[in-house]
Every structure is written in structure tokens, then in C-alpha cells.
Amino acid sequence: MKDQGAPPEASVQVSSKSVEDRRLRLVNRTMQLYRNEAHALIETLHAVQESFGYLEEDVLKYVARTLRVPLSRVYAVATFYHSFSLKPPGEHTCVICMGTACYIGGSGAILDALREGEGIVSGETTSDGKVSLLVARCLGSCGLAPAGVFDGEVTGKLDSEHVLERIGRWRGHEH
Amino acid sequence: MAETITIEPITRIEGHGKITIILDDDGQVSDARFHVTQFRGFEKLCEGRPYYEMPAITERICGICPVSHALASGKACDAILGVHPPEAASLLRRLLNCGEFIQSHALSFFYLSSPDLFLGMDADPAKRNITGIIEAYPEMARDGIRLRKIGQQIIEMISGKRIHASWVVPGGVNAPLDAGHRQTMLQMIPEALEIIIRTLALFKKTLDQHREEIRTFANFPTYFMGMVDEEGNLEHVSGRLRIIDAKGHIVADAIDPADYREYIAEAVEPWSYLKFPYYKPLGFPAGIYRVGPAARLNVCNGCGTALADQEWAEFREIERGPLMSSFFNHYARLIEILFCIETMQGLLAEPAILAARVRAVAQPNFPEGVGCVEAPRGTLIHHYRVDEDGLMTWANLIVATGHNTMAMSRGVLQVAKRFITGAKITEGALNRVEALIRAFDPCLSCSTHALGQAPFTIRFMKTDGTILGET
Amino acid sequence: MKIHPRKNVRSDLNPSRLLTFRIDERVVSAHEDESILSVARQNGISIPTLCHLDGLSERGACRLCIVEVKGVARLLPSCVTFPRQDMEIITASERVVSYRKKILELLFTERNHVCAVCVSNGHCELQNLAVELGISHVRYPYLYPRLAVDASHSRFSVDHNRCVLCLRCVRVCDEIEGAHTWDIMGRGITSRVITDLNQPWGSSETCTGCGKCVQVCPTGALSEKGKSVAEMIKRRQFLPYLQMMRGRQDESWPK
Amino acid sequence: MNIEDLHQIARIEKSKQEGFQHQIHVCVAAGCLSCGSGQLKEALEKEIARRGLDTWCRVKGVGCLGLCTAGPLLSLETAGIFYQGVKVSDVSDILEALGGAPVERLICPVNSAFFRRQVRIVLENCGRIDPERIEEYMAESGYGGLALAVSQMSPTEVIEEVSRSGLRGRGGAGFPTGLKWTSVAKASGLTKFVICNADEGDPGAFMDRSVLESDPHRVIEGMAIAGYATGASQGYIYVRAEYPLAVKRVRLALFQAERMGVLGNNIFNTSFSFNIKVRLGAGAFVCGEETALIASIEGRMGRPRPRPPFPAEFGLWEHPTLINNVETFANVPPLIRKGGRWFAGLGTEKSKGTKVFALAGKIMNTGLIEVPMGTSLRDIVFDIGGGIPRGKEFKAVQTGGPSGGCIPGQFLDMPVDYDSLAKVGSIMGSGGMIVMDESSCMVDVARFFMEFCMSESCGKCAPCRVGTRQIYDILCRITGNLSGPDDLAMLEDLCDLMKSTSLCGLGQSAPNPVLTTLRYFRDDYLSHIHDKRCLAGACKAAREVA
């Protein structure tokens, strides 16, 4: 158990080594903050998600080895929590809130419109890789229902037209 | 102006089928079709399952001939493993098959067809059933019940269950034969022989009364296919295929079942769930051929057992060359029962049959395997492909009723043309149409596995041309 | 979460006291750190279980071992409930039995349990429970999920269609073998047992190939290759011995 | 830091604030931020600097002002004026009006029932102090409760005070807080933990987020007091990752509190030491359940385990652990400062104090309110909430999120407290209150909640894992007008099964929305089943068929 070996950073395959190092830095810092203890797993996965945009398999292996958590356990935790994604996100991200207030306010209809208008289903990325559509349980912006987040920017009082237009702009076509 | 007669469901066959007869303006039969209305999709549902589940899955196709499916499947799995089952296993598989032929043929002959054969095609339908037979021919009824039971008991003693025993496994069988059971089986043989000899004699006497049926029950030239052993004798489990033409000339012999696709291709018609296999060199639909009891007796050089050989010779005397009428399936069934009883006797006498080693163990070694046996109703082919982990990626099952579909449809037309004329359609006429189907003893539940669109549009039309309904 | 009463919860109450209480009208006595389930079994009273297995940590998850305790409104899982002096336990009231049946029926709808073609047919705990509780049909609609078989391991295969998510495989792999090859991914109705990073079992880096998971599996979900239909009989004699001999003090990765 | 230092800081801060003639409070909680209050604040600051007003006027970012629907909100503290829907273009008008007549078009009526009827304990500082400055919290007697507790009270006395107050857990079930604290205090073991459950998972609830964003020190102080009372020296705040602003402000607050010495070793020169760490949730509703939350902090999947043993004796890393939610902890400092008797004077006989609610849905005034326990639903919905917009009919109010129920109009005069809500089949929950009008189909609402529970079910126990899916399927069949005659009976049967046999609270309470809607809005179901029609006209399939 003492022999940790060299951190297998090299096993993470990304085109540029320097980019890679920068992305792993946050991950390493998080793990060090918790002295590489196993219970830092979720915090570390948050860091991976933040710097890589998703949980890349090689990074998961790296984290598992560093924190000495079984591989299957890492995968289990990564798939149990909805905040983590194993797929790379699209260029843009649209989150539609499906909290109760937003649902009552019509966010279900917005999702229907997106499916019909743009062919996007929640949890998926468009085939052109431009837009990922996510559904949030509650953004806590119930006062602004229905609410959504467009590339990190919370927007309230949405309607289908508005959302379709924004997505259309991202994908380079008008509605 | 055409009218459609639909007979549905056909009674006293295995599974659900339907016949449509189309009458022209003059009330003459212009076309007829035999449909299968069940869809079971076995080939599709096998995909993704481990190869070793196949005998158990496919034997669920049918409750009458599960043994045939298990055997064909087991043989296809043997091919995937690349093993030869130990001698005892081979003997036991053949023994099991005998049990099944006895019970299945007994069921077909005594339970399903004897009312037509002995009470008459035009008898009161209320009486024309097995109860009617019990009243009129109590001894024959008893014989039939007893013979079927003997077949079932044999299966049970070998495999542990009467149906769906999951006893045939890849590489052999899952349990050796119990010496006590062997003894019991040997003791059953004399009684079984007596019954079948008695029944054969009784049946031969009725042939004269059925001249019209013999003349019209799919009595037309086709090719025939069946399995034979190295000497060309009748064989059900471990032989090779032979195909003869209508004149009796062998057109293909000693076909390794693994090469079946060089000889048989399958067409799909929009109006039935059945697939339509045809003899490839002749193309579709010219390559019509038949399988089954009469076909087997047509293709072989003999049975290879003493009593059955005598009966076979007498049978083949009826016509020069192969017997064309499918009515003779009834006759052939009785001869095959006799053959199976005699074969059993021989198998049980083999000392090796009690050996404990009944299974060859291996992992899948080949990506593909074909298993072929003669089922009571005809040649049965299982063809599997597996991935490198042994999971099924594809399956093709060609069952007896499939081979016979084209002949059955044409036979329906022939019978209908002969017995249905004008506006008056008698019950007896319709019964003959059904009886023809029963002569093939089709097992519809197992033959319905082609994936296709739901095929049926049966039109009921009045003479003025208005469509009354469509299903 | 490993709740090990003997080691953790009640260590301060040492030495454990002897209690007398009633199970199904019968007066029994037991140590306070013995579960109701184990006391019942010692006294020849059978309580159905699926996730419980002697030698593995308790999960309290299958909910089949629920019992009624007089004066307690809630039904309690007997595998993780401990007796109290003068407690009155009813193991098979009409209410409890009807719930057990329904839970079992739900399990049957969850995945495609086709006994007839299963390697464990006739030797299956799920099947036995259904027989024992007299389940002849399932009231709820089947969900028919499309699940794959993983036969990539050279000696074993896993058929997710037959998995009831009891997680015995996960526990035995972690607690006894110490490999922790198995775990459970996802959540809710989409959960599924996995090996390593949800990769084919045969490509697992951590699996030792010991086969303990196969032997503890209550159904045909995990089986040995080469076994045909109805041939997979599980052997579990090793479990008490291994537990004794490898007895780990505490689990670094409790359930 | 000692008590004298604390008072000193408060005095300095107070006088500093009094130095400004005008203080413009701009709401910078998440709600208003998403309407552009950030830019507004910047514009105000720039304009003030440009005009050289910065000696007598200052802009302050504050937490939630409550009336989220009218954001961005702005308040002029000294004048007592509220502006609503303020845009950057309004900045100069506002500055020019300072000290004179207010800008009429922006005025938000302060004397409306929305503000008048509220009694603020938890939210007393919300919208008044800058959540990013610990000094402002101290100026409002912040950390005075902690100082009092550690220097003048024994842990037992603290617990007695809490017990005397009658405070009950604000997370949902309403377990008496004093009792919980006592169990942890009495549990044997040297290492104990205090956890603040800020994994506010109920869809439609944002009370905890607002408190953390607006007044994080209050929660920290409450936790420290709890730590002192129970003998714990380490605390964790488990907060949703979906609340980045709350996480940021809590982290900042912790940093400030440590720097000030109100957290750390030897707090107020006593032997009491207490530290707090933040742990992020990762999107799992079930982690609101105590044992699942603990598992998540330990870095594992959030699957609940059977209780007993309770966390109070067997919790985080197997040590005795106290878990309370944000609002519960936020009630503690004033309770200690002013005494349990004072607290017990508010509310009803069995439900003491006030409760924060997040009003949302089909209601005029969506936002955050705090009212005494026992206020009637009618007062909350129609008086404070301003009623239903667009002249629609009130249909139901949903409390308690996916574990709660839908309460029909006939119970509008019911006092809102733990027991009354339980009596009608709902629960208090964490305080989400969603109002529905006649255009909502209650079967669809039940389906919405069941879909939530199905995807949030951890999958550990069979009744919840499969039951949620089966119930969801039935509800889909009903809303899609495809249901058979047996579906209703099967629905009730499955609900009963889940309630009675599920492992944790999620599964046991998941049927509540279905059961209450079945009880009070059966016609919505029957119309779908028998007439293949949606009474409310909300369900798509129903519309298409009709």
C-alpha cells in the first residue's frame, strides 16, 4: 500500500501535454488538499468535471489510483450523481429547470418544443456537437419560473420561442 | 364479385392457422392460401443470449416436438464447440428422438386424424373427433392412447421430464441413462410393437375408401427432401440430407446439413408469417419440395430394420417412383413408428448406452454452427452464429412446416377445386381442406418466426363488389 | 454502510445481555446483538430473504424479511433489527406476507426472469421464494428492459436480466476476496452491477477470477460457463470459513 | 477574539454605517442576479463615484429582499423605500431622487401585506446586510449567541434553552431539535460531528439557498453553538453544487470567521474549538436523507441505510453526528441570544417560532417569506402572496415537495404547522409552497413528482426502485388516456406498498403527492380514465384525443 508509484499523468492522452498539465493541476490540488484520502472522491470528481468538462476515463483511472479507491467504486459514484457526466459536453450548454414551479410554469412545454423544433432530448448533445441540453431539478430560481441557464447565465421567465431562438442562434440557423 | 371463404381456426392441428379460399364470379375456386396467424419471433429473441441456452429456448417453440428442437439445437451447439458428443450421448439422443417420434406420430394419427380416416370425411362433425373414435373403435382408441403414453414415458425416463427437460446440452446430454429405466423401456417394446402392427393392418384396409383424397391431397409432382444414413437408409438424427426429384432421381445426396444454404433458399411472402424455402437450383416458386414422413420414405433406400423394411417395401409398391399424395403421410407415420420401436430395441441393446460419460466439454471454437435432425413433421435445421464470447448474434430456423408451406398452399387449392364447386359448400368439403392440412401435421407454432409485417387482409365481398369487411 | 453491531454499535454495552422475547407466540431468548432474523432461524422460523447471506454484511435492502413488532407501526427488516426484552414479533402476518408477495412480484417485473431457460432453474432463490409464497402470476406489468449478457470472462458470465441487485457479489468481492471488482452504477431503476469502469468482465484488471461472486448470487445472473440450463448449482460452503479466516476488522469501503 | 473584541467590531461597523446618509441596498441573491442586479449595482457604484457622492451615499450588495418576482430589487434603508424592476437606465433617476421624493414608477409598496405580515427571525438580516462582510453580521449582534453560549452557559444549558424553545427541525419531519441535540450530546465517543444539511433538493424550494446567500454567518454561528452543545469540534456544510453563489458565500464566510477567530481553536478564549468544512453535493435528492448524506460526505454513493442505528450514535465515519438543516441552525443564534422562552412565544402550541416559505407557482408574489407558525394558508396565498394571477381559480397548494401533498381549497383556513399539514396528508417539508390554479391537472402534477422520485430513487430497496417506476407508468397511462379499469386500484396498492416497506424517507413518502391528489382531486383521475379527457386541459394526449 505504501508504493503509490509515479502519478500516471502520462496515461492521460490529450494532444498537448502543457494543456493537459494545466487541466490536471486543479484535480491534483484538490486531491492534495484532502491528503489523497479516499473520501475526497466526490470533491475530486467535481474538480475533474470542472477542468475537463466531463469525466474522462483515463482521468478516472488516475483519480482511482491516487485516492486508492477501487475502479468500480469510482465509476459507481460518477454515475450515481447527476452532476457528473461521462460524455464530453457540446460547445454550448442549455439547462432547463424542471423544478415544480418551472414545471407548473410550462418548462415541460419548452422541452417538448426543443424536441420537436431542434430534435434535442435532455441529457444529449446535438449531432453537430453544438448544444448539450440538460434538465435541472431546481435552480432555486422559482420566482422566475420557468427558468433556464444558457452557458452559465441564468435566465428567467422563458418561453418556447425564446429558447428555440437562442438554440437556433447557437447552431447557426434561424427560427 | 369474388367471394372469400375463410376457415379459421383450423381445428385439430398444432398451433393456429387460417385458410382463405377465393371464389370467382362463377363460384369456382380461383385461389387458396394457407396462412399462419401466429407470430413468435424466436430467431430475434435468441440474439444476445448465450449459445448454451439455445436448446432450452428453442425447445420452448413447441410442446409436441421439443425434442427435435433440442436435438437440432444441441447439434448446432456441438458444431460451435467443435466437439463430437461421447458415444453414449449420441445413442441417448437417438433414443430420445425415438420416444418423440412415437408420441408425436401417435398424437397426429390417433388423436387428430383418425376421426377423418375411420369415421369418414363427411361424418357428423359432432361425432368426428376422438370421442367418436372411442365409441366406434374402442380398441384402436386405447391403442393410440397407450402408444402415445409409451412415447412420453420413454422421453421422461431418459430426460427426466415429459416436455422441456433441458436434457440435451451442447456437447452431449446432461445425465446418463439409468439402468432400471433401460430395463423398463425394453419391457415396453413388445406391447408397442403389437399396437403398431395392429394399427398398420387396420389402416391399410381403409386406403381404398380414400381414393379421392389420395388423388387430391397435394397430389402433384414436387421434389422431396429427407435425411438418410451412410447406406441411404432412413435416419432421423445423425445422417445427411438427400433430395430427389418427382421421378425419384437423386438430385443431391449426402449433403452436409452445414451446407444447406447451397440447396435451400428462403423467400418471404407478404401474406403469411411463414417463410417459404425452395430448392435453390430451381428458384422460387418452381423449387417446391416436401419433407416429412412420406418424403423420408420416398428418399430413402429402406429403413434398415427388419419389420419396417417390409412395410416400407409394401408402401413403395403403391406407386412407381415416389408417392406424390401427401395423404400417404398418415401411412408413413405408422411405418416410422414401427421403425422407431425397432431402432429403440437396437439402441437399448448397445452396452455403451449406459456409460456415465455423456458430455464433451469445450468453449466455443467456431463462430457458426448448423444442426439438423428429422423432426416428426420433417427436416429441422438450426443455424446459429455467435460472437467470440459465445453470445448469439444471429439465428435461422427452418422447420418442417416451413419446407412444406408451398406444397400446403397448392394442396389447399387442389382440394378446394375438387370439393368446392358452385354456391353450395358442404361441411365435408371444408373438412377435406382441413384434413389436407392435418395430413401435413403442421406445427405452426414453430414455423412462425420470420420477421415481417403483419400480412393479413382478408376481404369479405358481396357479389356486387362492395367490401363488407377487412381484417 | 456496514453496521456491525458486535463491533461498532453496541461495543459499549459489553458484555451483551441475554433477552427473552416472543417470535410468533414462541418465547425465545437471545443475545441483544443477534438480529431478529438470525434468532428466528435458530428457532426454526423461516423468514424470506434475498439480500441477506450469512457471512456477508447486512444491507436491509430487499425488504422481504420485514416483520411486525407489536406496538410499532412500521414494519421492520428483521436482518438489521435487534430484539428488546419482551418484544413481540410476528413474522408472517397476513399484511407482511402480502407485502412480501408484492415486492417479489415487482422484482419479477423489473427484469426478464425467464426461469425455463435459466441456468439456475430449480436452484434459484428468487424462484424458490416465489414458490414458497405461492406466486402464480404477476399483477404488475412487466417492464421488459433490454439488458445484455456479458460473457467476456473466460470462466463466468453475467446476465443482467436475472440480477435482482442484492449486491451479494459486490459485498463478497469487497469483504471476503478484497478485490472490489464489482460495484453498482447509476441509480434507481437504471442501476446495474458493473466490473471496474463498467467494462467487459473479461477485461477487468482487478478481478481475481475467484468466482465467489458467482457462488453467492441468488439467481442465474452470475453463472459458470459450460453450465447449461438448470445446471448451475451454487456452492457456498466456503463462505463461513473464509469469513472466519480472513475476518477483516473493519471495511475500508463499507456498503 | 474575545467578547470585547466582538463588541468593538460591531461598534466600529455601526458607526461606519451611520456615516452614510444613504445606503442603497441592491439584492444580489441568485434571483435578482439573474435579472441583472449585478450590472445594476456596478452602474450605481460608477455613477455615485462619477458624481462624487461616495462620502454620503453607498451601495451595498445584500441578500434576498424576498419579493423575487419583482426583481431586481433595491431598497433605500434609511428612507424605507423599495424599488422594483430596476434597470440600469433608472440609475440616475434614483440618485437624483435621493433625499427627495422617490421615483414613483419604480416604487414597490412596502406596506403591502407581503411585507407587513411577515415576522422575520431567520431572515432578519436578509436584504439588510452584505453577506460578504462578517463585520456587518457582527454589527447585528452576530456571533453574540455563540459568545454567550461558550462563555456563560454550559452545554447542557444550551440544550435546555433549545429544548425550551420548542424548535423543531425545519428540514421536513419536524423532529424536536432539543431532543436530537441531547441524543448526540449523550452519545459516547470523543469525536463527534455537526452537519448542516444544505442539500435543498425539493424542486420548488429555495429557502436554504437564500439564507446561505444572504446571511451565511448565521448558519455558521448556529452550527458552532450546536458543536459546543453536543461536544463536536468539526462541522460540515453539505451544500448543493447547483448553488454556486451560496457555495462561494459560505466559503468566504468560513474564511472570514476563521480569520476573526469565531471559528477555530479556543473560540472566545474558551477551551471550545470548532471548524467547519464545505462539502459539495453532486445532484442527488436522496442525499437529503441523513444516512445518505453521511455516505456522500464520506465520498460514497448516497444510498441510505436502515435506521436504527441513528446518526446520533452512529454517523459520519461511525461517530455520533448531529444533522440539522440550514433553517434550523439559522434559528439558533437569536434563540440563544433572546432565550428559548421568547422563541416559544411565537407560533402555535406544538409548532414554535416562524417558518420560511418559498412561494412559487401560480401566485402574484413569488418569493421568500417568513411567517409565524400557524398562519393560515389563506393568509399566505391570498394576503401575503397576493392571490392567483389573471383571475384564475385557486386549485391547490403543494407543500413538502416530492414527499408532500397537494392541499385543496377546502383546507385554506387551516393553520400551517407540522401537525395540521400531516393531518391532511401533506408535510411541512423544507418550506416549498407551490400554488396551482385551475389550469393544472393534478394527475399530471402527481406524475411530475413521481417522475422526480423515480429518477432520484437510489435503487437500493426494491419497493422504491421498482415501485416508483410502476406508479409512474400508471400515471403516464392515465394522463395519456390509456389507462385500464384496474389502474386506479393498482395505483393505490403500490402506494401503500411503498409507504409501508420502503427503506428510507424518500420511498416512504414518495406516494404522498399521488395519495393526496387521489384523495382530493379524484375527479381529475376519473375524467382521464372514464371520459378520456383532462379536466384542466393540461395534458397533451388528452387534448389531442378530445
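A, B, C and D label the chains in the order they appear, each numbered from 1.
Throughout what follows, a contact is a pair of C-beta atoms (placed from the backbone, for glycine too) under 8 Å apart; a residue touches a chain by one contact, two chains touch by 3 or more.
This one's a predicted model, so the numbers in the text were calculated from it and none came from an experiment.
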Geometric centre: closest chain by C-alpha means: C
Per Cα centroids, the chain farthest from chain B: D
Two chains sharing the most C-beta contacts: A-D
Chain A and chain B: spacing of chain centres that average the CA atoms, whole Å: 60
Averaged-CA centre spacing for the pair chain D and chain A, given as whole angstrom: 26
Averaged-CA centre spacing for the pair chain D and chain B, given as whole angstrom: 73
Gap in Å, rounded to a whole number, between the CA centres of chain C and chain B: 47
Residues of chain C engaged with two or more neighbouring chains: 184, 186-187, 253
Chain D residues counted as touching two or more neighbouring chains: 284, 300-301, 456, 458
Multi-partner residues of chain A (each touching 2 or more other chains): 38, 69, 73, 76, 80
Chain-chain contacts as defined at top: A-C, A-D, B-C, C-D
In the complex, chain A residues that touch chain D: 38-43, 45-46, 69, 73, 76-77, 80-84, 98-105, 108, 112, 136-145, 147, 153-156
Residue numbers on chain C that touch chain D, as the complex places them: 1, 3, 8-9, 12, 59-63, 66, 74-75, 77, 80, 99, 102-103, 106-107, 109-110, 139-141, 143, 164-165, 184, 186-191, 253, 255
In the complex, chain C residues that touch chain A: 174, 179-187, 194-198, 205-206, 252-253
Residue numbers on chain B that touch chain C, as the complex places them: 48-50, 52-53, 55-57, 60, 164, 166, 169-170, 174, 361, 363, 389-391
Contacting residues of chain D [partner chain A, same complex]: 30-31, 33-35, 68-69, 71, 200-206, 209, 241-243, 279-285, 296-302, 358, 360-362, 366-367, 398, 401, 432, 434, 436, 440, 445, 448-449, 452, 456, 458, 540
